[in-house]
Structures are given as structure tokens and as C-alpha cells.
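Below is one structure, written out as C-alpha cells; the observations come after it.
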Amino acid sequence: MFYHVKELQFNARVSKPDPKFARLLLEQFVGSNGELKAAMQYFVQAFSCRNPYPDKYDLLMDIATEEFSHLEIVGATIQMLLSGVNGELKNASDESEIMKLLDGTAAKEDFIHEAIVNPHFGVLTGGSPGLTDSNGIPWTAAYVNANADLTVDLRSNIAAESRAKIVYEYLMKFTDDPYVKETLTFLMTREVAHYQMFEAALNTIQPNFPPGVLQGDPRYSNLYYNMSNGTEVRGPWNEGTSTQLGENWQYIQDPLQQVIDTAGLTNIEPTGTDRTLKDVNKMNKTLGDLRSEEIKSATAEIDMQWSSYSKSGDILNNGL
Amino acid sequence: MFYHVKELQFNARVSKPDPKFARLLLEQFVGSNGELKAAMQYFVQAFSCRNPYPDKYDLLMDIATEEFSHLEIVGATIQMLLSGVNGELKNASDESEIMKLLDGTAAKEDFIHEAIVNPHFGVLTGGSPGLTDSNGIPWTAAYVNANADLTVDLRSNIAAESRAKIVYEYLMKFTDDPYVKETLTFLMTREVAHYQMFEAALNTIQPNFPPGVLQGDPRYSNLYYNMSNGTEVRGPWNEGTSTQLGENWQYIQDPLQQVIDTAGLTNIEPTGTDRTLKDVNKMNKTLGDLRSEEIKSATAEIDMQWSSYSKSGDILNNGL
Amino acid sequence: MFYHVKELQFNARVSKPDPKFARLLLEQFVGSNGELKAAMQYFVQAFSCRNPYPDKYDLLMDIATEEFSHLEIVGATIQMLLSGVNGELKNASDESEIMKLLDGTAAKEDFIHEAIVNPHFGVLTGGSPGLTDSNGIPWTAAYVNANADLTVDLRSNIAAESRAKIVYEYLMKFTDDPYVKETLTFLMTREVAHYQMFEAALNTIQPNFPPGVLQGDPRYSNLYYNMSNGTEVRGPWNEGTSTQLGENWQYIQDPLQQVIDTAGLTNIEPTGTDRTLKDVNKMNKTLGDLRSEEIKSATAEIDMQWSSYSKSGDILNNGL
Amino acid sequence: MFYHVKELQFNARVSKPDPKFARLLLEQFVGSNGELKAAMQYFVQAFSCRNPYPDKYDLLMDIATEEFSHLEIVGATIQMLLSGVNGELKNASDESEIMKLLDGTAAKEDFIHEAIVNPHFGVLTGGSPGLTDSNGIPWTAAYVNANADLTVDLRSNIAAESRAKIVYEYLMKFTDDPYVKETLTFLMTREVAHYQMFEAALNTIQPNFPPGVLQGDPRYSNLYYNMSNGTEVRGPWNEGTSTQLGENWQYIQDPLQQVIDTAGLTNIEPTGTDRTLKDVNKMNKTLGDLRSEEIKSATAEIDMQWSSYSKSGDILNNGL
Amino acid sequence: MFYHVKELQFNARVSKPDPKFARLLLEQFVGSNGELKAAMQYFVQAFSCRNPYPDKYDLLMDIATEEFSHLEIVGATIQMLLSGVNGELKNASDESEIMKLLDGTAAKEDFIHEAIVNPHFGVLTGGSPGLTDSNGIPWTAAYVNANADLTVDLRSNIAAESRAKIVYEYLMKFTDDPYVKETLTFLMTREVAHYQMFEAALNTIQPNFPPGVLQGDPRYSNLYYNMSNGTEVRGPWNEGTSTQLGENWQYIQDPLQQVIDTAGLTNIEPTGTDRTLKDVNKMNKTLGDLRSEEIKSATAEIDMQWSSYSKSGDILNNGL
Amino acid sequence: MFYHVKELQFNARVSKPDPKFARLLLEQFVGSNGELKAAMQYFVQAFSCRNPYPDKYDLLMDIATEEFSHLEIVGATIQMLLSGVNGELKNASDESEIMKLLDGTAAKEDFIHEAIVNPHFGVLTGGSPGLTDSNGIPWTAAYVNANADLTVDLRSNIAAESRAKIVYEYLMKFTDDPYVKETLTFLMTREVAHYQMFEAALNTIQPNFPPGVLQGDPRYSNLYYNMSNGTEVRGPWNEGTSTQLGENWQYIQDPLQQVIDTAGLTNIEPTGTDRTLKDVNKMNKTLGDLRSEEIKSATAEIDMQWSSYSKSGDILNNGL
């Protein structure tokens, strides 16, 4: 259950209306890397770890709830940046203010002028935030990543926080309102904090590479395909040892020749690695049993109940 | 700011897994009339009435917050209905359970079989709810209606509650799990309650017809166009007096003849009504001034602050 | 079957080109509340009431057909507002007019300048209306609500008309072309008329609350959840009697305490209402039988035919 | 203005309900190549040729109107194929029919069983057609092609008719209801007829190749790039003369070598063609002047009016 | 397998940054008729003709690969047109350049000013091309047409090339950078070349009309429905003989009367044609057997392999 | 420029048709984490680092090209799994095979039966892969993340590879065709390899935390908000030191009290950290200058050219 506190988590303020920046800020309201995306991503990820991993559930719901609170901060800021538009639109029989714009005589300070850059502000949302990005694209759940595996989901979250951070950084180039900047700084910094929370949580899961359960096939896990011509570029991503498995990168200079020589890679032996197919199969079995059991043992098979209510109203602890 | 309470608002339970119904229930999770749509609609509508109409703000945020809580109930129910799928998927090196299905020898009680009806459960969301409707369509903000005018928004909400209600009604035909039915009954009934809340709020705004500020043109407000052939169907929607303006319906039997006779309706006088263009213009001015002033007087022009924080941390009341 | 009359229902005119307003007007062409949405909504709703409720079918098809006619009016107006763009684009080897703009020396009256605000006009639709809203978002059927229950669909339509009305109202703030304003006034007023038609039709269906067939559970139908902190706001939506069921609102001051005390609302008795679960079940049965029978009795089970053609070409009346 | 005739253009009938085929048929209702796409494509294309090319306007509107009539036929057929679902859903308190399905004891003839294959039929659209394709994807205007140039639009239409035709052909493999087959045959054949109408119209425009106004650059118009390895495949698309310009195809065996030799194709002369850059420029100018003038001369510059109404109601002919 | 050559197929250059044109050019990057649409359309069509029609597979893959190369050219051009934006954004603590714009004192040559017309450039993609059209709409596969029948797919491609051509033509009106114009000319001309390649390929398939296998019903294949009022417009699309079947067009002056007289077209005989239902059925059978056999004979039923690898790495020719 | 090699990178084979698994496999063809998403993400990211960071450009284009090659492998596999469907559909006049299914007498081995689970295979794509995910959702660029900052983009890629890996892992539970499994194993393992390549590339950029240029505000970078009730869950994400900045986590037990006490966090000092606002500003300036200069110095301001062609065809090295 959620509860709403009327106070904002951060004291959002604006110096004066700025509809043009309001438009840009929509990008972090419900844009592809905005607050709604973050909130919904962590919220929906939480369901699958409610019982098997209650500590991660708590983490995901805490951050999801904070992101909903950030969504509110961003929306409130946009509303303040659009201040005056809604009231002016209600003045339905008086066109003077709006028409100044169309006559080309609009004063520079005429904020309605700028609002028209996003037509939705003028004719659809009535001077309020809509659920779109800065180009008017409606939010879509296609932005959200959730795969019910914490070694994957936490990595998706680390990347999501990185993207949200850079968009706040870019946004700061387009306003000089000190109030707005302090709000953006707060929000940007929280992404930095969340990043480290998700990273710490990922570190508590061992092993966490590769993500998921199945190990990589040692025949293919350390090949680098040079799929382009030009000067041969070498770096730690195609020479030396790989970051996680510690295998030696094999640089395939001529992919076509290799695939022909190996009948489409079906005739190939592992090189540059100590891992064997046998190791892999064993690890797959061991880890699969472990992860599967963690979940199954924490989940009732019949008469499941999500919360810990008892019939008498006492709070007991009977799991999902 | 939001706060999360781990207990669900309603004690959601399920008797046994039922992935097929889990798929159907996605429709109310984040389908076109589902809980996310409701929550986001009321949440985003609330911004524009934060200061001018704080009572409506409170109402909208209370119901939005309840809808987020319902979203959580529905998600929890889907997760329980999918119980076992996630654990089975982690058993990555063992195919026996899944393969039974593909061999056609799956036992009828094999719930994974049915989950495959929604492939996302099997290969994308890992036995958890995804942010899609029952056909896998990602949620889109195109479902949400918010126009920053309470006489419009509250009507949008009344209709939204009606649709959410009927979808719960339809859903109840497809399960006989008594636990699930009691949850659906609770959720369906809350739509009935919310409907009446929005209706009561709309009634406190007078006049509220037509929605918005501008009055209808008396030349066109009571014409009924018979745009089809066949037996002439008459009813209170095209004869007698109209529901809100109390004008006499004018039934246009032959629209083509009328538009030709009136040069495309430009040569036409009001009939069946006492309203005049002069009345309309006067009302437009009066109501426009009123609504515009309500908003402007409640909104600061510079140095706006959303919450009532003071520098010293006291809660004062300085408006948006 | 449809038939097209070359005359517009309203004599749409424009004084001079205005590509900027053409862009805004796209919002009512095929935007989220535009004419295509209205036309398609009523058209698709009509299928399910063709036989059981032929009077409502006639109403829905009449208004749907009028909305298609309005769609044409809006499209024609946009085309006229873009007058000159298409011709100029064909002048493919001569860049002078367009380049004025890019050199910053464009005359203010250069309408092509303004068209570029919507790049689609310039490089995609060739100076013609496209099937997008004012931000270039392609029309999506996600805007449309149709649930095959008239007590729901008619309410969806009342809300849809309200939204279309306010968008026309907003649009009028952005033009001072008297010809365009008269067209907008006509179109806006027709939404006011349609609103009342749908309301009258809804009134002929009794009972029509709650929408659909199933009654609300008396334990949950009159609870108001105070889901937020701050001054307690009271109004007719949470005190006194509810608008439709006439029950006494129960104000839940502390939702968390209540749900814990009632084991997640499973231990709760109806208060503030005379309705009982027994009443509800009886009404569910009675109304379900009635509505189901209305539909079944009007529908053939085999050898269905939509129209009333006979083999010999006579028009008889054999139902769906 | 549109007018609705209650009789269908074709006497659509079905022998018995078949919800599974109803789902498939959604593909031609509002799928990517369905009737709504066709209707909207021709309808929106018509605006730009209203005055300059009234004969093509008449053609486009005639076919658009017929496609709307086909949309109705398809919707009516789907409604009949779903017969019984809506009535059953209204029987809200009785689960027997639906539950048979969930218990696995559903009789084979239980049509509701099959409807669940498309969950929308069961829980969203109430046993009626929705505005989606066979997978539940909402119709999007992204399907529609309209570029305000008849030499392009008519070709888009020829291709659109081809796709609609093949989808009807595929559909016929999945039903053996003779009534449904006769309707599908009618609809499929109309696509064949429309194809030829658009082709005939295209032929009346000369020159119509290349589409639009600008001629192709003779240096690049007859090169065939062999962008793949393997046996050299030769055919009339890369040897002999090209279909429209009659140039000799130049087969570029080794594209990389060519682009290096020609500094990225900037050092290249026309070969295999008599056309010169001078010819091209001249033709660009001539044809640009012609097409531009056709449009401009048919379009008023101020006080535009779409229809031919006079103030007195007479129908005069004053153009857009 | 694909291989990347670092050299562009055409030596794309730009004279100076022009973010406004960069925005327009997005339309051909990944807009509805852009290079990605073309590349993906031909690529996905190729799968179904890999074995039955290896010559067409070669053609489709060659052109698909060239279109990917064009996608790269367009993206590179956009990147160059945005030159400076990315670097300026990294200068994160210095607002001077950007703020000039917001103060209204931006120099006219300040390219960042113009970039903001597309907010994504400023706050999302960091001064780089994004995968959207000129209005910021994300690319969607709904643009792509592929139906696994070459008589249809090749026609879809002819139309697609026509649309891509006209969009390049329109774009050229909005730039006077000679470097950009030469690139656009190259790309536009390639569409002209591809058009003729697809046309030539279509001509090698006989018969190719109607598209697909099934013939049109002679009762409906030559009817022209006059679905609108006004002066009777006649042209080769409704009088004389039809373009492909050579039937005589039958002009249905009064469609309503005709459908009533013929019981919804069920009582009608072929006129204006020599084709009979018997001919049609025979042709359906013959052609169906032929096309079906072509495909089946080229496709293995078990142990299929896409490429021609042998175990030993030799390249043999064992088909799909 | 791209080049196509007809041999697949991996020798994709299938034992026998399996349309049901073909449907599931669409998820990795063009689903939200599929091969097209990966290919397009790396491809579009590459543009912004073409000149400033040519080594990363090479890496991104190599992997993008490999992903296109994987896209081809997946598409080829789907085509083989659907073997027979296309040929059967062409047999247009013979319904026997298809009708078996509809009569319920379909043999269990009838693969067409199963194909209908995805209606697109039957009636739209003609037994071939379409550009949709497993639920028929068209691919959308909304899946793609690219922000023109390598410290962000590489993290997005690490997460993307993680998701692609888990989806392949899930998919393997639903097939027992050994040929298909070996292909899936190859593809899954390549994600493991790419993950490590991106990680290695990220490590070469220092500092790379926080992503982008701006440092986090030390007042907010180490606060953990306990936004939910219930047992206090502590872990390395809210106690001890943070993973990257090495600050001490500050656990905010009662967020509401804190925000009130600090006037919405505006009256707060850094705790648990040595970083100061002064440090932050200095680092922002230093790093901003560095990153900005890296890009600007590598980019020409006028007469830009993407490739290194010279007028005479020599390959020189004049940068973007």
C-alpha cells in the first residue's frame, strides 16, 4: 500500500515561468530515461523477489518509492515553469495575450509564446505536464527492463541510473534559474547514490557472472571478431585477458575464413581458456539447482497469501 | 512524497497457480483501463489544481494513491498465479518439466504449459508480471486523459471508472478461485466508490456544463443530424428537450438539403432555444474572468515554491 | 455502406494561410481527442448493439457519420491553412522561397517558414494534413474506448465529447481568423450537442448504475480512504451520502490501521448502507438474466445475416 | 460530408460462430493492411488533390468511401463470428459456461473457449471487434502512406491493394464457412479492381517516372552494387537495359574498390546512358514549373473556401 | 554474415553545422520512409525466398545491404551537421554558450540555438542522431511490409522506393549546402535505380497479376462504385478496359440501388468480361500447385541447414 | 559501407519444423532485448565517437556488425522452424491441410496447427519471420539507449548484453532440438563475450564514475531513504561505505521528519564524506574542459568529411 505525503522530498522552487525549459524537463518526467521509467522498473522488478529475496525487495521498493517521489518533484517543477498558461487559457473570450504572439508583436517575456513550442501545453494539457517526453511522445512501457533475475535486473538498473544521470547533466546546460538548478542537482545526485546501492546489492549475489544461471560455452566466450576493415585497433577488449572470466582474448582477424574453416564454428575447440564443456555443464547443474531451490522453498504451492495478515488481524509471517 | 507500506490494502490470496488467468489479469494491471492508467491519470491531473483547488487536489491524490495500491494488489496476484514458473526457469539445465509440454505429454495440471499462452511469461519476464496488457502490448500514456480543466477531467474519470468496473466484471467470468474472486470484487467495488466521489466533486463546481468556459453556439447546439437511411428512429436524444440546456431538439431529416439551403450552415438562425449569441458572449466573458482569476490569484508569479517549507524548516503556507 | 457528399457539412473557409495554426489544428484532426477518435469510437461501439438495441445503433452510427464529416472539415481547413506549401515544394529546382527562411531573411508573411515548425509538412506530407497529432504522433487506436456495454460506452462518449470540447476551446485562443473561428465554434458546439444526446440515451437504460451488471459489494462501496497527510479535507465526496447509491460515506482516517485491524479488509461488515450481500447477489442474478436475454433473443444462432436482404432482393427483417 | 446506408455493400453472412477465425479476421479489420488503413490512406491523400486534380480527388474519395464500407462488412462479420460471447458475458453471475473451459471439460463446440485465444474478446471488448490486428496491436497511422504527390501516392496504393489482396488470400485458408468465403472473395476481388483503377489513374499522368519532379543523376541511376559474395547472380535487374529509363545497367563487381577509386563516387562520369546532367537540370526546371503551376493556379491565395456554397445557398464553383 | 567497411559508399561532407537541417534529415535516417525502413524491409523479405528463389534472395540482400550503407551515410551527415553540440554539452560547468540562447541574445550563427528545435539533440542524444523521425517518433517496424510473396513484396518495394525518392526531393528544398545536396542527390538517385531493379525482377515472374495465387471473381473485378455525388467524373479507371485483366469497367451509378437489387451483390452475373468462375477455379488450382511446389521442392523437411557448410568445412550445396 | 557474406557466422540448423518455438524465438529476433536492438544500439552509438574515440568506434562497429550477423542467424532459424507453412499457404485452392486443424482432427504433428498460435505467421507474414516480438509487437526504437557519452553508453551495453543473455537462457528451456540448442548456446555465449568487451572498454576511460562529467552533490550522494515500513533491512547498500565514492551511507530512518527538519533538504550539510562542494565544482570544471576539448579538437568546424577520401581517390586522414 502506498501513502502520500503532501510535502515534496525536495523543496522544488522556480524563479519565474519558463515554458521552454518546461518542455525540455518533460524528458525527465516521463521520457525514456525519466523518473516514471525508473519508478516502474524497480516496482515491477520487486514482485518476483518478494519472498525469495526480501532484502532486495525492500531495496527495490524503497528506491521505487523514492523515484515516484522524484516524479512528483519534476511534475511540480514543470507546473511552476508553466505558471500562468492555464489561467490564461481559461480567459477564453479574451485573445489579447495569445494573439500578441501570432501577430509577431509578442513581448519577449511573454511566456505563452514559448509554450507553443510544445503544442500540447497550449491545446491539450492546458498548461500542465502531460505524460510525454520532450517531443510529445507518450510514455511507453517499452522503456522498462525487468527479467526476474536479480543478476540481470540490478545491472539494468545500474545502466538506467547512468542514463538518468547524464540527462540531468545535459538539462542543466539549458537553465540558469538557481532554484531549478538546485533541484536538478539534487535529482542528479540521487541517481549517483542509487547507482551505488544497486551495485552493492549485485555484489552480495555470488556468483553473479555470467548473469543468470547458464555458463558461457568456452569455445565462443573469448573470441573477438574483427568485423571491419581499416587499421587494426587493439585494446583490452580484444587482447590480454577478459575482465570476468580471465580468459585470453582470441582475435579473429578474418571472420569469413574462420567460419568457413570451422564449418560455421561447429568444428572448433576452446582455446585461451581452462574452462571445459564438462565444467560448464556441472556449474549449470549446481547453480540451477541452487537458484531454483531458493525460489521454490520460499514460495507456497497452494493457498498463497502476499501479506502477513492473519484471520484475526494479527500480523503473522506466512510466506507467498 | 510517497511512502510504501508493505501490507497490501486488501489481503490478496490465490488458491493455486493459474497462469492462464494471470495473463487475463494483466488487462487490469497495466491494460488500457487498468490500475496504472487510473493512478497516472489522477496523479497527473492533480498538478494543475494543486493551488487553485486544494480540495480537489487532495481528492485526486488520495484516489491516485489508492490506485497505486491497487496496482500493487493486482501485480501481487499475478505473481502468485504464476507461482512456480520463475523457479522452474532457473532450473536451467533440467528440461524435463518444460519438455513434457512440447512432447504433448504434459499433465493437465502442468501450469507452465498454460503460461506459454503468453510467451512473455516464459521467455521475457521470467514468470512475473510485465508492464503489458493481456495481449502483451506495452502500457502507453496514450490511455491517459488529462486536460487541466476539472469539469472535463472529472468526467474523464467517471468514464474511466466505468470502464475499469466492467473489465473487472468480465474478468470474474474466467476464474472460480474464491480467493481471487474476493480480490476482484473488492477492486471492482472500489471503482464504484470512486465513480461517486468524482461525481460528487463535479457537482460542487457550478456551472459545469458545458465543460470548460465557452458556451455552445445556439444555432448548432440542438440539431440532430439524421445521417443514415432506414426507419426513422426517435428517442429523447433527438426529440423533446435536451438534458442540460433544455433546448428543443431539431431533427434534421435531410442533412444534405439543409446544408445546401443554408450555404453550409452559415445562413441559419437559432431555433428551439431561448439562448442568444449575445447571452453566450456575455457568459463566456463572465465565466472566463472567473475561472482565470481563480487560478491566477492562487498562483505566485515569481519565486514559486510547491511545498510549504520555510527556510527554518517550519511549515508555512506560501502558495505556488 | 457509406456514401460521400462532396459538400462539407459546414462551409469551412480560411482568410489566409497559417501553417502554424495548421499544426495546432492537427490535434483535432487525429489527435488523442480529435475527430477520428470520436468517429472510430462510436463506429466500433455500434457493432455490438446492432440487433439487441437498434435505436442505440442508429444513434451511434448517426453521430459516427457526423464525426467522419467533421474529420473532413478539419482536414479541409488544415489543407487551406497550408495553401501554397505543396505548390512551392513542387517547384523542385527553385530554392529561393525556402532558402529565404534558412538565411534568416524570411519575410514575416512567408508561410513556409512557419510550416517547418512541423517538419512533416515540409518533408513528409508535402504541405498536407498527415494522420498525426500536433506533435507528429501517429494516431493510435489506443485512444479509443469500446467495451460492448452501453452503460459504459455511453459514459465513455460523454467524457470523450467533454475532452473534444475543451480542446476546441483551447484552440480558439490561437487564431484570430474569423472564418476559422466560425468553423471551430460550429465543431465545438456539436460536441455540446452530442454530449446531451449520449446522456439522454444513457438515461433510457435503467438501471444504469453501477455500469454493467454486477452490483458493488456493500462492504467497500462507501469507504473513503484518506491516503495522504495534511489538513483533513472534507467534501461531499467523503461525507454525507453518495451520489448514486445514497450510502453514507465512511471516512477512513488511518488506512493502515484499518487494513491491519481487518486482516486486509477481509474481516469487515457493511456500514452506512442498507444494502446486503444477499440483495447484491439477487440483483446480479436478475439483471444478468435480463441483459443476457436481451442480447441472446435478438441474435440468430446459425445462418446469421447482418443486413435484411432477401434472396430476391426484397428488404426483409431477419436479425443478426 | 458522409452518409450512412444501413445496408451493407455485400450481404455478409456466417454459418455459425467461430471466434478463432474472428481473431484472424481482425487482421483485415484494422491490421497493417486492413480496410481501415486503406480507407484512411485514400481519404487523407485526397485533401491535397481536391482542387488541382478534381478527377483524382473523385477517384480517391470513391474508393476511400468503398473501403469504409468494407471496414463495416469486416466488422459485421467479426461480430457475427463472435455471436453469443457478449450475451454470455452479461450473464454475470453464472459461471457455468465459461468455467467448463477452465475445467478442461469444455465441449468442443463451446465458442467461448476459443475466444479466449484473443483475451481482448473476453475481457476488454466484450465479444465485439476491437480496433486491433490479430495479435491485439492497436491500429496506428504509421501504416498509412501519403506524400501529396500523385505519382507517389498512386504507387503506394497499388502496393497497398496488393498486400490487402494477399492477406485475404491467406485468410481463406483458415475457414470453410461458405458464407464467410463468399464475403472474403468479394473483398479480395475488390482489391484487384482497385489496383487497376489506381494503375489507370497513374497512367494518365505523364511523365510519371521518376515519381515526383526531380530526375535521377545519370552518374548513379544505372549502377548495380554487388554487395554480397557468392555466385554472381545476373538478371534483368543488373544486366541489359533498365525498365523505365532504358539505360544500360552497370554491374559493380567490387563496390569497395570502386568507391575508393572514385573518392567516394565523387569522381565518376555517367556511363551506359545518354542522359546528361544538363538534360536533368532542364527537365527539373520544366517539370517543376509545370507541377507547381498546376497547383498554384487552382488554389486561391486568400479567402479560401473548400465547398462551392454561395452566401445565398446556391452552389457555385469558387475554388480552394 | 555482414562485414563493415569503414569507408562510406558516398563521400558524405558538410560545409558547416546546421542542426535545423539535421532534424529534417532524421526523416530519412529512421523516418517512415527512411533508410532503416528500406534496409529492414528487404532484409526480412529475403528470408522466405532464400532457397526457392535464390536469384531474388541475392537481389534483396544486395539492396538491403546497400540501404544499410545509406543509413550510415545519412547518420554520418547528421552527426556532422550537429558538429559542436556534443562537445559543448560536455563542457558541463560552463553555461555561457547555451545561455546566450535562453537570454534571447544568441548570435544567429549559434547552431546550438537551432538544435533545440529538436529537444532530443540537446538533452537525450547528446548532439547525435537518435533513432527517430524528424518529430522525434521512435522508429517502428509498423512501417515495414513483408508478406512472403514476391509478387506482393516487390510491389511494396517499388512503392517504398517511390516514397523514399520524394522525401529526398522535398528535403533538397531545405538546404543549400552544396556538399549536402550532392549526397542527397546520390541517395535520391539510388532510389530511382532500385525502383527499376525491383520492377525488372517482378517482370520475370509470370503471371504476376493478380498478386498472389488466387484470381479475382469475375462478378466483382470490373465494377466501379460511384460512392459520391457531384459531377460524374469519368476516366480510364472507370470506363474502357481495365489495365491488367482487360475487362470492361462497369460504372455503378447508384450503388445503393444495385446492392438492393442484387440482394447485397449475391444475385449478380459477370458482365464486361470473358472470365468465368470455372476459369478462375482452374487457374487457382494450377497456379497454387505450381507456386506451392516451387517452394516445397526447394526446402528440406528435416535436418535443415541454412548455409552450405559441410562438416569438414567444405562448402557444399544442401538446401534449406 | 556494409558487405554481406552469404555464409552465416554460425551454421544454423534445425531438426524439424517447430512453429511454436519459432514464435518464442521472435523474442530474440526483434524483441525488446533481441539482436536488432543490440545491433541498432551499438550502430547508433558509434556515430558520436567516430573521431574523438576511433578505438571505441571500431569496437562498437565490430560488435554492431556481429549483431546484425546474429540477427540473420535468428531469422534463418525461424524461417527453418516455419518450414512448410509458406508452401502450404500458396496451395491456395486446397484447404485440406489447414482445415484439419479447424475441424479438430488435426494430427498432432501438423505443424501448421501450432503456427496459428501466432496469427501473423498464418495471415500476414506468410510463414516467415516478421519484425515483431513473440507477442506480435512491432519493433520500436524505444528499446534503444544511446546518449553520446561513452561512460553511459558502455554501461547501457553491459546491461543490454545481460538481458539478451538471460532471454537466450530462458529460451533454451523450451526446445529440445539439439541443432537449435547449439545455435542458442553460441548466441548466448557471444553476449557473455560482448559483456566483457564493453566492460574492458569502460575501464580504459578514467575517471568513469559518476557517468558523464558532473560530480554528485556530497549532501545527497550517500543518503539512503527508508521509504517503507516493516522490519529495517540493512545491507551494504545502506550501511558501510558506498561502492564507488567510498562514502559512509547515511540511513534516513524517517524521511518525512528529515525533509521537514531541513526545509525540503535545502538546510543540510554533507556528512559521511570528505568531498566538498568546492571539490565538486573544481572537478566539474576540470573534467568538463577535458572531455569537451577531446571532442572539439578531433572535429573540423567547416568542410567536414566523414571518410578519408581525397579528391584524387587516395585515402588520406582528414578528420570529421
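Every chain is named by a letter (A, B, C, D, E and F) in the order it is written, and numbering of its residues begins at 1.
Assume contacts are C-beta pairs under 8 Å (C-beta built on N, C-alpha and C of every residue); 3 or more make two chains touch, one makes a residue touch a chain.
In this text the structure is predicted, and so the values were computed from the model without any measurement.
Colleague: Which neighbours do chain A and chain B have in common?
Modeller: In this structure, the chains that contact chain B and also chain A are C, F.
Colleague: By label order, what chains touch chain A and chain D together?
Modeller: Correct list: B, C, E, F.
Colleague: Which chain is most remote from chain A in terms of Cα centres?
Modeller: Farthest by centroid: D.
Colleague: Angle of the rotation mapping chain A onto its copy chain F, from a C-alpha fit, rounded to a multiple of 5 degrees, please.
Modeller: Roughly 180 degrees of rotation.
Colleague: Could you figure out which pair among A-E, A-B or A-F mirrors the D-F interface, over half of its contact pairs being identical by residue number?
Modeller: The D-F interface is reproduced by A-E.
Colleague: Quick check: how many Å separate the C-alpha centres of chain C and chain E?
Modeller: 33
Colleague: If you average the CA atoms of chain B and of chain C, how many Å lie between those two points?
Modeller: Here the centre of chain C sits 12 Å away from the centre of chain B.
Colleague: With centres defined as the mean C-alpha position, give me the chain C-chain D separation in Å.
Modeller: Taking the average C-alpha coordinate of chain C and of chain D, the gap between them is 26 Å.
Colleague: Specify, in ascending order, the residues of chain F that touch 2 or more different other chains.
Modeller: Counting only residues that touch two or more other chains, chain F contributes 1-9, 11-12, 32-33, 61-62, 65, 69, 88-89, 92, 124, 126, 132, 135-138, 140, 142, 147, 149, 166-167, 169, 172, 212-214, 227-230, 255-256, 259-260, 263-264, 266, 307, 309, 315.
Colleague: All pairs of touching chains?
Modeller: A-B, A-C, A-E, A-F, B-C, B-D, B-F, C-D, C-E, D-E, D-F, E-F
Colleague: Which stretch or stretches of chain C touch chain E in the complex?
Modeller: 1-6, 88-89, 92, 95, 98-99, 102, 104, 116, 118-120, 122-124, 126, 132, 135-138, 307, 309-313, 315
Colleague: Can you list the residues on chain B that touch chain D in the complex?
Modeller: For chain B paired with chain D, touching residues are 20-21, 23-24, 27, 31-33, 108, 133-137, 166-167, 169-176, 227-230, 255-256, 259-264, 266-267.
Colleague: Under the stated contact criterion, what part of chain D meets chain C in this complex?
Modeller: The touching residues are 1-9, 11-17, 30, 36, 40, 44, 47-48, 50, 61-62, 64-65, 68-69, 72, 75-80, 83-84, 86-94, 124-132, 138-142, 144, 146-149, 179, 212-214, 281, 284-285, 287-289, 291-296, 299-309, 315, 320.
Colleague: Using the touch definition up top, name the residues of chain C that touch chain B in the complex.
Modeller: Residue positions touching the partner: 5, 7-12, 32-33, 54-55, 58-59, 61-63, 65-66, 69, 140, 142-143, 145, 147, 149, 151-152, 155-156, 158-160, 162-163, 165-167, 169, 172, 182, 185-186, 188-190, 192-193, 195-201, 203-204, 210-214, 216-217, 219-228, 230, 233, 235-238, 242-245, 255-256, 259-260, 263-266.
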